[in-house]
């Protein structure tokens, strides 16, 4: 390149060396060898896909178009066709990026279309499960005024809707996109459900901020959880991380369990038996049998002080 | 409809049956009977209304326009007129949607205008209360540098501002919109205040992520709470949900109380007496008298281990 | 102004007095005297600056442009030049606003350019630290599939990236903007790191919603924390707020510490010794020596009940 | 309104009297009495309607969506439904505005829907005529490469397409909107066809800038015209304007006529007989019989000079 | 700059030399010496200013806001204040750019505000003249249905409106912006009126495409012109250009003249006397007395052919 | 597809048959066989390409970025790389679309990149020619104030700039895109230059609305033309169109010619000799030798009337 002249403001000349340093640091780390020049899937596009899928699952809630029995099929047909195109393009980008970053050959060029179609064919089933989640919210939250309000306003239902879609893509082994989806939900709602988690029908999360549900969690039917609940992994010594990567690391929650706010349940072998109730702020790393109540109460701590006094400790 | 030809890619033909299934599922559930073709209020519009109302309450903070004593009235006049139009349109949509979904007749066509006007007439009062909230933040947070920073950057103040507006609409019995407003605040800040809650002057939420304040909570003046605090309802057996829907289910917090991070206070009859301090991570389901300190400390648990050892349990 | 006619709908006439009240309330409080008509920095612009800086630090992840060794310098050069202009403009606005609101004279007109340049010159160093944070995520989270996923999807990494930039601006004494940056991260991720905090290399926050890290916190190298963790200040009596404003109020976390979800550690003199592990939901206001484990387990509470029974309390 | 303070920059105070003058001038002229507060149709919306109608008539040319036999009906169905809604809303606005400005009662509330439906039912016929216009361009312009290029690039075809739609709305007596449509075409192409003109099949305008075709013009089939051609009215003495408003004021062009660039043909009784050719720059105010050639050539003017010389004039 | 690696696609490497050539060509021509780094006024901003000014002159026509006697002053006040800020910023840019490109010192920093104010103070007068132009259109065009249609749809009125504003700025010696304004009108309507032209009240341009009105043209009152009319300068020998730059080069049109389509009138000393009528396609370089009709008719050319025949030429 | 129910408004049911008709008409005409599902180039993208190319040719005129000798190469480098990507994508679309519509095999997949590179390599030459066009405007138009004004405001220069780019693509045999470019210029300026025309250096079009320059026109150096000038083809009998498609049909204009407004020059064998002047409204279909003046003046027509009178015709 030609040498820029010596005139002109100092600021701009000072920037040259920053450019050179950052360019050099990039090449040194060999990023180019791994990823070539292939584009990565687009956050904006994945968010657009989520919006479209929600308009398909619940026509009339997320757009101002007049939808009625006479035009419903046109509406759904057009939206589903566009979803197919947008999704297959993003899946193809994700597959190619992953193949290249692993040093593998490029995938079959129509694999994206195939997987997008499989996902779309799951939409009616996803919808029928989401309808059970709506009923769970209605019976679980005395503040819920109507089904409309739940579909339209409830962050817990939003996070579950996105999780259920992301989970289908995760099962189809689509890379990147499921995680982008659930992180979008996480950002909007503070609810962090890994797309790999398995969650039964009639699931309800109330308020939800701070909820974490790990990759290998298994949750039964009619489970209800509150804000700040963690279903996580036990402490991982650094040397064990690789070994654990493909093992069950997160708990199993059986049917009809309720877990109150800020409770923490950890470990891949921890099973919360059916119909148990886990109190707020409880910290559990061991299984509890069905129909158990585990509660932590401040009054008990008052008691403790009394004991301490009595014992003269 | 005419039959599409047999040429063309397979993918697109496969999508037909998904369209048909989703269209059928919609009609089966009788959604049409309930909602007809009436549009629902728009999330985007409600967010626009929130932005406009904040520009009205705090001119100069959320726009790049030059505002000065000579043009302040024009500015406020124009913003308030637009707020009136946007809000009355959204309220009318909400009222009609609710009436139809309940099978009632349509409301008076100018009810939206009437309620929007009542809301706008409350804005000076809302502003004067918000000014006390700013002072509370300034005295409550040693990191606060100035009033400007609080108005401009503090998520707690943002959530309280939106709650105070939503609460006025809630009191005017406007459906949907108050909840859309507070869920918008929830999404931005992680602070979930139900528009039905009653909150006194000089309220301060620090950090705030994970705060939940339930529908029938009553909070006095000069109360300060921290991130992760829940003011919630006790466990609800499914059969009791309906009965509870219109009862006081959330606690009462009297004047000058401080509640530290991640504390949980539950129950409609639980009263935290004036000037009490509730420690972090405490879980309370019973009332405490005024001037009480309730603390949970890990060192006490060290002690417990010692007791256990001494007693040989 | 001329008198508006008596025709026309009532609604609009009713709005006049709201306009007048709000205009009057503004002037009464003397806002004009303090801030004049100077514009405040723009949220949108600061967010744009964050996006641009991330594109500079990790080319190819946040845009759809083809970037390769042949055009990398052009790309970086153009982005860095624009960053310089946008950032120096916002810094100048912030400096002037602060000067005016303190009643001081206007700062040197090129101070914004000077500080923006200093910030940009720090970018290579910020990048090299962020690369250690990526490795920390990879070794700390068994669910992490690749470095790409961490850069692209991990909210913890996003929050740390924004914090590390905001911290440099904080050190350059740029007002407002560092806080706007970290509050943007807070809104997206639920992670609230004050730009004043000092955080060593190889830092990893998992899930992260509800994390709070206060202004005077000091964190060593290779520290790992989970969602809901608070590193905060002790209770502040109102009369002491002013005195505390410039003192160390938040804890010190030494190298290689792990802090599990929802733990709360408070106080400027609290030091968590190197290699310690703080369990979930623990509440700590005193120092612990190196290599300590502090855990809170529900089973211990079962035990408590047993003690109580034995003692007949 | 309260009196603004005397502080603040002079500029802004000076603006007050401009506001007052403009407000007063508006009221004086009684605009309010005529139009009340009713909104007028929106330019942007009418342009959106034109774009949508073109996508319906020529699927695949003006959008990047993949359209194929499997999804064509969904695509058309969705676009036509939206066109119906947008158009009926704009027609209703236009009808109401016109009624009010004439002091008449409001029209039937569903008249907009009725007229929009009638317009849409004409679309297949409009399309079949436009296909003849495409063939006319292909045979009339040696530079035309393909039908695709004509649909996609030819300003003459664009202007005719918009005119043919506007003309249907004009025939349905929809006020305002036909004219907004043809003025949009005028702005894009420089071709000004009044929506009231009657134009037969296989019409071709080449280049087109400066073409004017008046309200009562009648054009036969297979007519071809070039840039700058005017089919206009004769000079109108001011006192005759009212009388002329509903009379034929513009010429009749019979089948197979060609009119070259910048020719001007004026008058309601002027008839250009079939198969005639009107040369460039010719100015005609009288009829010509079929199969006539009317040409104006500069060489004739050379001749004139010679005559003048010979005659000694 | 560091040398880019030899890997990577050829295309991108080939682009380097284009970059270098274009960079070099720029510097060679010394553009930097003349213009420094100062930004030029923005087309987009000037267009925004035009739109705002039209909303101020004709409230209710170009926005969807409800405007009524109760909120008219707020509306006008807010719009005028914003116009003042936008316009003064653009004028300041234009003044500085011009000063620098002439090698002069920078203008007084508030000159932009001063001139913007002067322009805005002219708006009531501009409006009162535009009202006479509306009446002229109504009486001049039998196709005009109402004043509303003229304000809303007529390209001639649009071009005149923009000209009248640009002319005021031209008289205030604002550089660049008047021309950007009239070129915007030119692009939308095909009507090219130089902002320097002087045009009396009640001016009407019908259809208008191709109209050219030169810088030193003077037009009286109640003049009507049609599409394609040129009021231009005579042929300029290259050596005379400089001398002519500040002389009257374009014609004078006295009161009540009508000029039909595609007529061309040239020369600074050409005067068209009051009440004259200039026919279509006429080409005039000499003055005509009042009450003259100058017509060019094809029949005369038929006649010519007859003469030629008779004379045996 | 399932049958839609009989409930719902009539309007929507009526739309079904329009959908079916339009879908059927499309398939009948066999459009699918010709074009398959391949997307066509995008108007918006081509316009974006034009804007980018103008920013590259004239840095600082069409963006608000600060450009100076220190950052010029970064700026140009980034813009040129993006231009390369956008243009190669559109060229590839155009090539494939053309191949398919002709029933040919798909072109080499990197042909788009190859042609885009060739185009970009021509940019320095295009720029050096455009600089001669700027000088031509400066010497040709006494109203021109500066080179800046010509680059920034002159529609003639805009049209020539776009033509010069489109012409290079035309020479590279890129389909569709050159025409989309010149039609964009046509729409903005009313100047219609076919991309196939050959035009020498120092070309100036003044005002320009209505100018038409046909595909096989050849124009020498230092030519100046005015608004409404047509350089076109002679009348084409329908049966001869095919034969003419690849012949020279438009005139040749030699060096230093001036053609005044609304003149029409037609025919592939018509040659206007060097240094000739063609007067306004003249209509020429035959060659004129060098140094000729061809003028049409109204006074001559006055004369004609006198002749007629004298001759008693």
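All chains are identified by letter, namely A, B, C, D, E and F, in their written order; residue positions are counted from 1 within each chain.
Operating definition for what follows: a contact is a pair of C-beta atoms (placed from the backbone, for glycine too) under 8 Å apart; a residue touches a chain by one contact, two chains touch by 3 or more.
Computed from a predicted structure; not experimentally measured.
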| item | value |
| --- | --- |
| Recurring contact interface, reference C-E, options B-C, A-F or C-F [over half identical by residue number] | A-F |
| Longest centre-to-centre distance from subunit D, chain (CA-based) | C |
| Centre-to-centre distance between subunit F and subunit E (centres being mean Cα positions), rounded to whole Å | 23 |
| Whole-Å separation of chain centres (CA-atom averages), subunit B against subunit F | 57 |
| Touching two or more other chains - residue numbers and ranges from subunit A | 1-2, 5, 7-9, 12, 15-16, 19-20, 23, 27, 32, 37, 66, 68-69, 71-74, 76-77, 80-81, 190, 209-210, 228, 262, 281, 296, 304, 307 |
| Subunit C - residues contacting subunit E, complex | 1-2, 4-5, 7-9, 12-13, 15-16, 19, 68-74 |
| Subunit B contact footprint on subunit E (complex, rising order) | 65-66, 71, 73-82, 85 |
| List of subunit A residues in touch with subunit B within their complex | 56-57, 59-62, 64, 66-69, 72-73, 76-77, 80-81, 84, 88, 113, 116-117, 120-121, 123-124, 127-128, 131, 139-143, 145-146, 148-149, 152-155, 188-190, 207, 209-210, 226-228, 258, 260-262, 277, 279-281, 296-299, 301, 304-305, 307-308, 311, 313 |
| Residues of subunit C defined as touching subunit B within the complex | 11-12, 14-16, 18-23, 25-27, 29, 31-32, 35, 37, 39-40, 42-43, 97, 101, 175-176, 179-180, 183, 186-187, 190, 192, 194, 196, 209-212, 214-215, 228, 230, 232-233, 235-236, 238, 241-242, 244-245, 249, 262, 264, 266, 281-286, 294, 296, 300, 303-304, 306-307, 310 |
